[in-house]
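One structure is given below, represented as structure tokens, and several questions about it will come after.
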Amino acid sequence: MVTTMLEVKSLSKDFGGLQVIHDLSLSVTPGERRVILGPNGAGKTTLFHLLAGTLKPSNGEIFLDGQPISTYDAVKRARLGIARSYQKNNLFETLTIRENLMLAAAAALGKSTHMFKDTSKHADIRQRIDEIAEQVFLEDQLDQTVATASYGNRRQLEVGLALATRPKLLLMDEPTSGVGPNMIDRFHRLLEQLPRDITVLIIEHDMDLAFGVADLITVLNFGEKVFEGTPTDTRGNATVRDIYLGTGGDHA
Amino acid sequence: MKNIATKLALVTGLCLNLGFTMISTASAETKVGLLLPYTGTYASLGNAITEGFELAIEEAGRTEEFTIVIEDTEMKPPVGLAKARKLVYQDEVDVIAGVVSSGVLGAMRDFIHQSQVPLIVANAGNNLATGENCSPYIVRVSFSNGQINRPMGTWLSENGVKTIYTLAPDYAAGHQMIDAFTEAFTAAGGEVIGSEFTPFGQTKDFGPYLTNAQASGADGIFVFYAGGEAINFVKQYGSFNIKTPLYGSGFLTSPLYVEAEGDAAIGVRASLHYIPTLDTAENKAFIKAFQAKYNTMPSEYAVQGYDAALALMAAVDNGGVDRATLASQLPHVSYVGPRGPLEIDPATNNIVQNIYIYDTVMENGALTQKIIDTVPAVRDDVAGCQM
Amino acid sequence: MDLSFWILQFLNAMQYSMLLFLLSIGLTVIFGLLHFVNLAHASLYMMGAYIGISVAAMTGSFWAAFFLAPMFVTLIGAVLYFTLIDRMRTAGPMNQVLVTFGLIFVFLDLVRMGWGDIALGLDGPASLSGTTRLLGVDYPAYRLFIIALGLGVMATMWLVLARTQIGAMIRASVENTNMAAALGINVSKLFFLVFCFGCALAGLAGVAAAPILSATTTMGITILIPTLIVVVIGGLGSLEGAIVGSVIIGFMETFGAVMIPSFSAVLTYALLAVVLIWRPQGLIPARG
Amino acid sequence: MFYQTKLRSITLIAALIFLACYASFGSYFAREIVVEIIILAILAISLDLCAGFGGMVSLCHGAMMGVAAYGFAIMSAKLGWPLFPSALIGLFAAVVFSGLVGWVTSRTNGIFFIMATLAFGQMAYTFFFKSRWLGGDDGFGGISRFDLSMIGLETNDSLVFTYIGLVILLLAYGLTAIVMRSGFGRTLSGIHVNEDRMKALGVNTAAHRAKAMAFSGFIAGLAGIIAAQHTLYISPELLIWTTSGEALIVVILGGLGTLVGPIIGAILLVLMKHEISNYTDYWHAFIGLVLIFTVLAGGRGVFGQIEYWFNKLTQKHQSTTKPHGDDHA
């Protein structure tokens, strides 16, 4: 029986001698909400790149659901169930929100290579679009073009795109970056309502949100894991306070 | 284009014709379609042939008798065929003249044969058109690729050239020209010790090939190049100061390009079916008339256009009034033109003509052609032609 | 095939490389700095040849043509810059390609109207008409002149870029246009100067090539493809890339013609395909 | 993304009716012109599929068309196969060729993609140009048209042939439209807009682009089969890169990414060319100026512009793939 959804073993990444991730090991259980904390430059986003396969590790192994995936490219990992939302919006800008979700749903449902059936008429694709729209609170904005949508809506869509693939493992890179308090609330609700069959890794700077949703928190600094524990333990930990809250106290 | 006004007039004339005088087909007028490239690489050839053609009709004072419809083939086979169909079905011409590129001729061949509209080929030299693919409706008054080059092969061998290196562009005409030369040269005892085909339309620098040819140690280099490639080739040959003599198909030092080639052309020996310096009454009269009208020296292309018109008029004089009678009369045309005595060989419908071997020389500060030998009445073999 | 044969072929390759270099360097500098794919560059080359022929015919001097033709071409370039190029700068490569593709047609017919359809030639200068003995072989002096011209332009550009203030500005702007503007460089003026310089080089290449190659209405279109291939193989916008690309293509076409003539027609295309598959950004991609 | 809007349907039908009328009531040459338009329009639709939806501006579409035409001509005229299987083999050859080109160029974008496709197209052109068995640059004839006498159609009649061409144009359009509305087509648009995100969603974008090229090759192949049967003759001219350039002009003139635009563009370009060449030999310059003007006027093309105004007027917000001039070089 597999007890970990994600297993990372002594992962390292260097860019021309500069160590960005160093000997990092992680173990995330199915359904867990894991928050990754760390100051800027701690290697959080690089870790996501390594997990999603957009960067190749210099060293170490990654297992998803017990399966070694280190050698797989991003496409294959996505198909195995890793989805990712980006820190900076990475959307289909010229398309509508519905079309964005349609693309993700079609990809997830294996319909992106169907050559003859009109996707907008696929019952299961339409159902998926509606579900996700509801999950990320975009039911009323579906026919808006992304380029003209509000920033908050675009952040919601960013998560929606990742969710639409019904991933096993969801990597969320600062979903709330740049949004106001109302919006943070929304994301909080969104995360709480996510079904537990999705394992979630979140990079988050909003402490209330982070501590509110996390089962466990991993703190990175200079590419190394410096602490791992429950929100309560993290709050009380002196090292964390020093390196993270001390320098990054002015979180967004 | 100098004759743009003429063309415009013709086009407008045509429109009026179509609009108001559709019944005129029964009159004695002969409607001729001139199918030539006026855009693209061969535009200058198209213009020269048109000039020659129009001159001949004017000279004979028979402009009233012939209605000319001009169409541009753009040097594209599909366009050529489409325009040929237009001339036949829409303009209902009695005869078509022109066709510069062999590709266009190839595209038209079956159509001409089936529609039984006579075609007077005024340039395209593809051997097959009067050989394997000959047709009673296709008569050629220009030349065949083999016809120009065979005499040179024999002549060179007879004049002490033992070994030759050949160069030509890598396309169908290039291969036909060189094959014909090689066959005749070898038959006469010579040996082709090296041969290269240069990428057509891409080769700008002939230096590497010239260096190769020189290094082969052959007694001479025989080449076929035309147009811009001919200028480049001759100039580069000159600049390398190559000692191996240069021989070629006469298009190499055609009067149309020889000025651009400059001194490098001096001493190049070539064979062609027309040389402007031919010392005959017919040629002198032709040149005088041509210069009077266009203020420039005629080229072999202009002569081909001129002869296409002369052949047509001769066929009309012999009783050609419509497509069928023109087609039957054209193969029996014979007369003396600017290039000498001409006749059509009814076995192939290709022209029988003299081939001139000439030097390019400097005379009174201008480049000109000096004929050194004449191979009379060169006739193509009946190579698989069945009418 | 003795040594002198290979020396001759080496010089042939050099000569062709330098001609390609003169053309591609202008194209690539314009791309590197303005991010503009100017297909009409080849038309300017053609204009250089035709204008050169006319100037030589009027003045009777090759050297007058050699110096005046690039100037006229620069003038044409300047007009183009203010009418089209400048306003197309931010329009994306696709639109730039289309507009300059349209310009090719326009220039083609302008030349046909002005100079006719018949191929024209230009006599080189009398002083360079013979052959010169070099490395034990007799080689056309004019071709040596082209090699020297190419190397000279290369060296001058190298010096200007490495040693002078304007060179530093160009390098800075190629690397980062916004940064350059922030540093107080008048970027639009610099762009214009560089564009004019590129046009002048195209005109120079045209008039310099005319005595070796004839001037035809299709010369622009036929040289466009090899030039683009040089620039793309080398890396768009990269000066070193243009040098490397021209030398590779020049040598490959020359020695391909000598050694495997039946493949020489596809050799460059094959190389281009291989490079683009292996290194989609070219051999020496520009930084910027 | 593609939607078969009412405006597009109406324009398509109007264009087809116009062509049918022009061929029926015009002079003989009108039919030649209409067939020329049909061939160019199908080729342009095929290119629009790649360039307009997939962002892949290809210069080897002429070669794709030519490979099909040669495949058909070789099988039928040279090897004596029956016509329909020969045509299928021609189409298959075009699909394989385009798929291969698509596959090896799938990592390149922008101007690099343009150059890579140019290289492969020119290699194919050179192959046929140099092939002496196939007549080299002179090409070869002896091609016949489909024998449809069992359904009472005489294909050698130019008007019948023109009508058949129009039906094939409609089929090519319909098939492309259906595919562009499918998951495949929409995903292709998605790749054009944001390839990285498409990869993150688990789509093998390289393979997808290659498949799109292969499908495009099928459509271009249809144009090739018509071209070969129209002239009953074939030459390498079909494959040369300027054929692709002309198709690109047609797409831009009509409206990139609209599928209907290419048909409008083909009608405009061919008619313009024939009209102007009646008056001057310098029609290239005119075409060039039209192209420049089209781009300067916003690059939407004639149909694209009409659609843009129409959408503004009706205020109905319909997402249409507008021309994207922002491919990364």
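To keep things simple, chains are lettered A, B, C and D as they appear, and every chain counts its residues starting from 1.
Criterion: a contact is a pair of C-beta atoms (placed from the backbone, for glycine too) under 8 Å apart; a residue touches a chain by one contact, two chains touch by 3 or more.
On a predicted model such as this, the values are computed, not experimentally measured, just so you know.
Counting only chains that touch, the fewest steps needed to get from chain A to chain C is 2.
Across the two candidate interfaces, C-D and A-D, the one carrying more C-beta contacts is C-D. The chain with its Cα centre farthest from the Cα centre of chain D is A. Chain geometry summary: the mean Cα position of chain C and that of chain D are 33 Å apart. For the pair chain A and chain D, the distance between C-alpha centroids works out to 42 Å.
Separating the CA-averaged centres of chain B and chain C is a span of 36 Å.
Chain A and chain B have Cα centroids separated by 74 Å. Residue positions of chain D with contacts to 2 or more other chains are 126, 129-130, 281, 284, 324. Within chain C, contacts with two or more other chains are made by residues 112, 262, 265. Each of the following residues of chain B touches two or more other chains: 43, 170, 199. By the document's touch criterion, interfaces exist between A-D, B-C, B-D, C-D. Interface residues of chain C facing chain D in the complex, by the touch rule stated above, are 35, 37, 84, 87-88, 91-95, 97-99, 101-106, 108-110, 112-113, 225, 228-229, 232, 236, 262, 265-266, 269-270, 272-273, 276-277, 280-282. In the complex of the two chains, the chain D residues touching chain B come out as 27-29, 32, 36, 126, 129-130, 132, 135-142, 158, 227, 230-233, 235, 237-238, 277-281, 283-284. Against chain C, the residues of chain B that register as touching in their complex are 40-41, 43-44, 47, 170, 196-199, 201-205, 207-209, 211-212, 215, 227-228, 231-232, 235-236, 239-241, 256-257, 259-262. Looking at the complex, you find that chain C touches chain B at residues 1, 5, 8-9, 12-13, 15-16, 112, 116-121, 123-124, 129-131, 138-140, 142-143, 211-214, 216-219, 222-223, 253-255, 257-258, 261-262, 264-265. Looking at the complex, you find that chain D touches chain C at residues 57, 104-105, 107-112, 114-116, 118-120, 122-123, 126-127, 129-130, 241, 245, 248-249, 252, 281-282, 284-285, 287-292, 294-296, 299, 324-327, 329.
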